[in-house]
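Common to both upcoming complexes is chain A, partnered first by chain B, then by chain C.
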Partner chain A sequence: MQKITREQLIEKAAALLAGGTVTAVLGWSKGEFDYDVTPAVFHTAEELNKDFVWNDFCGANFSKYLVAKAAKEEGKVLVFLKPCDTYSFNQLLTEHRFDREKVYAVGIPCEGMADIAKIKEICGEGISSIDCGEKIAVTTIYEDEPVMIDAKDVLAERCVNCKSKKHVAYDELMGEEGTVIDSARFDEVAKIEAMTPDERFAFWQNELSRCIRCNACRDACPACTCEKCVFDNPNSGVENKAPANSFEEKMFHIIRAFHVAGRCTDCGECSRVCPQNIPLHLLNRKFIKDMNEFYGEYQAGEEVGTRAPLVNYTTGDIEPGEVFDRRDTDA
Partner chain B sequence: MRKCSLDSVNSVFAEIAKAAALYIPADRTDGSAVYTKWEEGVVWSKALNTVRSPKDFFFPQMENLMEFRTSGKNIEIVDTRSEAEDFVVFGVRACDVKSFEILDRVFLTDPVDSYYATKREHGAIISMACTRPSETCFCKTFGIDPAEPAGDISCWKTETELFFQSNTEKGAALLAKLEGVTEECTEEAVDAQKEKINAVMAKLPLADVTTEGFGGGKTKDYFNDPAWDELSEACLGCGTCTFVCPTCQCYDIKDFNTGKGVIRYRCWDSCMYSEFTRMAHGNNRLTQKERFRQRFMHKLVYYPENNDGLFSCVGCGRCLAKCPISMNIVKVMKKIGGENK
Partner chain C sequence: MQVKEYKPLIVAFCCNWCSYAGADLAGNNRLNYPADVKIIRVPCSCRVNPMFVLRAFQRGADGVIICGCHPGDCHYTSGNYFTRRRMAALFSMLDYLGIEKERTRVEWVSAAEGAKFAATMNDFASTVAALGENKRLEDLRCKK
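Entry: the complex of A and B
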């Protein structure tokens, strides 16, 4: 259950609209069910009261939407940012992808978001309502009584391994500020590193062979903001709409991971949106883990204007040979 | 009508597999179901449906159409089609069976698409009535009865048994081969099962979604509806909805330079993509709103206009479950249709 309420957020948004601080609100809009929340732009208190929602299913990271919405709206856009979203926010500012003056950011606390797939593992299909109270109460058309679920049992993977409850950017903060968490997010990477090369190849072969090249990972990724992706450009020579073979499908994801290395904040949107449940975030985490080990701890988006290790030469940098030798000791 | 016990379903699979390659929904390592070639040890999934639709069997995501080989000044044109084998797809839901009719109207009308036609001729469909539909299901909206799935053979599953009814010559021939592993039975248990399904269907949250107001001749009513702005506002422009859709049938044809010639192939395309149907002057749909509108107008207006009122959606619910921003055809129908009814 979230500590801050829908009503508090609507009150805040309505006040900022009424006072003229902002002219639009980027928020979550209710769906057909209680979990299919859609990002939306609200312009009036009436619209907010009618459709705005804030619950355990508001996982979408709004930072990337600011690239288009801040440019489109005449006035300022109010954006609600969960702690992890603020890292993407800063990273996009570092890359000059939106006008900071056009945005009013309100940091909101987050207790972690629920994964509907995990809920369905417990209660099955046919959900008629979900009530996010102290426990998550799920009613289906097949049972009279709701199933009561502990929110921590159905947390999205990225929330289980939440890296920070602290907001690194905002104009205004609602609720209490949290702290950076010493999470176990690299444990899964370490497990893959511990595999033999053949096992590791088989692992990724199995995962990536499911890819249907819908590009949802890229399109949701706050680090992927190229106006024309090389894979969409017929003149690039590498444009492809379908994975022609298993080599191509792997290359797409590996190249994308390289491309966002040092810029990926580990927000986890790639894995959240993948229709084929490919754990894409693990590729990015591998790069983050390696960079931490090679160049010292670095968190993309922690501050605006920092240079990622890969584009910031220092004389203390690891020699390529050392990286090569390292493969004999571990990964 | 014939039946077998669920305990002996593997012997039915084995019998079918003797006659043709058999594909059944089986669980993958990530927990979702995918059509998998049956062999001893492959277990029939309990999932309601597969993430990828069975359209893949007839219209694969990527297929080679022909090859050009060059040597000196000569070009050899190679027909890359190979002799097709018979195959059977087991466990296809009523919604997905209906999708084949929608695809047929595209690929089997003149000029007939021989690649698709061959696969259709060689494929047999064993459908499966639904027992526990999801909240995302709305096949009834399109006149589909999940208790009466079409296909060459229809199946119904109860707690303990599996029932078979053939609907076509192809189905009858296949069912005849299963005589040793099935037994003749009455229809009572199946009738009871159908009643159960109908009772569940009435309780589904999307039971009231209607096509009323949509169909051919409605282009002018909806094309300039201001609601498209709001509906498409958050669309990422990814291809998830189109690629999991059992009725989306757009493709691109491209040439791949092998160094010694060219392989001409086709692959699924998505109207959500910025490079879709590019013309000499560029793209005819410059904004995501226009691309988004195209997808839904095609399913709800243009396709029925050209196909005797048949809508090109079957209510399978895949896009509802998979869209990264949870925008989908139900929300579009309720918003656009609701306003204009």
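Entry: the complex of A and C
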């Protein structure tokens, strides 16, 4: 259960709207089902009272929405940011993607978000309603009594391995300041690294062949903000279409992950939005882990204005071939 | 039936200012290196985008090598330092996906190193030949 309540957030937003500090609010609203909460823009207290949602399904990271919204809006935009969202916020500022003056950021605490796939593993399909209280109460069309689930048991992968409860950017903070967490987020990557090349190949073939190239991972990613994307280019042969074979699958995933390498804040949006449950974070974290090992610890978005490892260099950098030599001697 | 001897197709991206001239020198000195090394001249090694490497494999390459000026000698001062970081990241990722790490390489070859160029290509071609055809990053539509 979240520590902060929906009412507190509405009250805060309504007060800022009434006081004229902001003219629009970026928030979550109910989707078709209780669990597919979607981003929305609110302009009045009435709208907020009617549709605003805050519960264990508010995973959406709003930082990227600021690129379009802050440019369009006359006044300031209020944005609610969970700790992990603030890293994306800083990263976008580093890349000059929106005007900081046009945004009023309110940091809100987060207890971790629920993963609907894990909930469905427990109670199956046919979910008619979900109530997030002390426990998550899931009602299905097959049972009269709701199934009570402990939120801790169905946490999203990125929240199990949460890297920080600390807000690195805000104008105002609700609740208490958290701390950076020493998480186990690289453990899975290390496991894959320890496999044989054949096993790795089979593992990724199995994962990536499920991709339907819906582009949701790219669209949701706060690091992917180019207005023109190579994967939309009609001359590329791979524009907006399902991968024709395993080469195209791999190409998409290598290029997507490479393009955000060094800038990816590990916010986890890509894995969250993937309808095929492909563990995209395992690709991103490979790059993060490698760069930490090759060039020193770096967390994208921790501060505004830092230089990402791939747009930086030192004269004594490791050679591409040495990367493997080192790994072989380690093993 | 006659079995054709397998010869790997190698794509070598060579920067205009050092490695391409190095290849030229190798030719002038009549040094042998496999004819299946296809050289693509690029203005600087850092012109090579990860997509180029993948496309080369797609179109039938069995190995891809990137050659540039020695670190510190890049015609554009720092291009090859970026190449070095990018390719370290990219090759490590390819390895992570289970693609043979011996199929990719970066080598620094100056304009005066014709012999090094030929030796590098011979060595790389035999390493790749030992692996056989590129199956893991192939695109059957591009195969003849």
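Going forward, the second predicted complex is superposed on the first by the 314 of 331 C-alpha atoms of A that agree within 3 Å, B and C clash if a C-alpha of one lies under 4 Å from a C-alpha of the other, contacts with A are read in each partner's own complex, and residues count from 1 in each chain.
Criterion: contacts are C-beta pairs under 8 Å (C-beta built on N, C-alpha and C of every residue); 3 or more make two chains touch, one makes a residue touch a chain.
Model, not experiment: these values are computed from the prediction.
By the touch criterion defined above, A:241 reaches chain B but does not reach chain C.
Looking at the shared chain after the overlay, A:65 reaches chain B, while chain C stays out of its contact range. After overlaying the two complexes on the shared chain, residue contacts for A:296 are found with neither chain B nor chain C.
In the superposition on chain A, contact is made by A:40 with chain B only, not with chain C. Touched by chain B in one complex and by chain C in the other are residues 244 of chain A. Across the complex, chain A meets chain B through its residues 31-33, 36-41, 60, 65, 117, 121, 124-128, 140-142, 206-207, 210, 212-216, 218-220, 228, 232-234, 239-244, 272-273, 275-278. Those residues of chain C that touch chain A in the shared complex are 50-51, 54, 57-58, 71-72, 78, 81-82, 84-101, 104-106, 136-141. Partner chain A is touched in their complex by these residues of chain B: 28-32, 34, 48, 51-52, 61-62, 132-136, 200, 203-206, 230, 233-234, 236-240, 242-244, 252, 254, 256, 265, 267-270, 273-275, 278, 320, 322, 324-328, 330-331, 334. Residues 192-193, 197-205, 230, 244-245, 247-248, 250-251, 254-255, 257-258, 261, 283, 286-287, 290-291, 294-295, 309-315, 317-321, 323-324 of chain A touch chain C in their complex.
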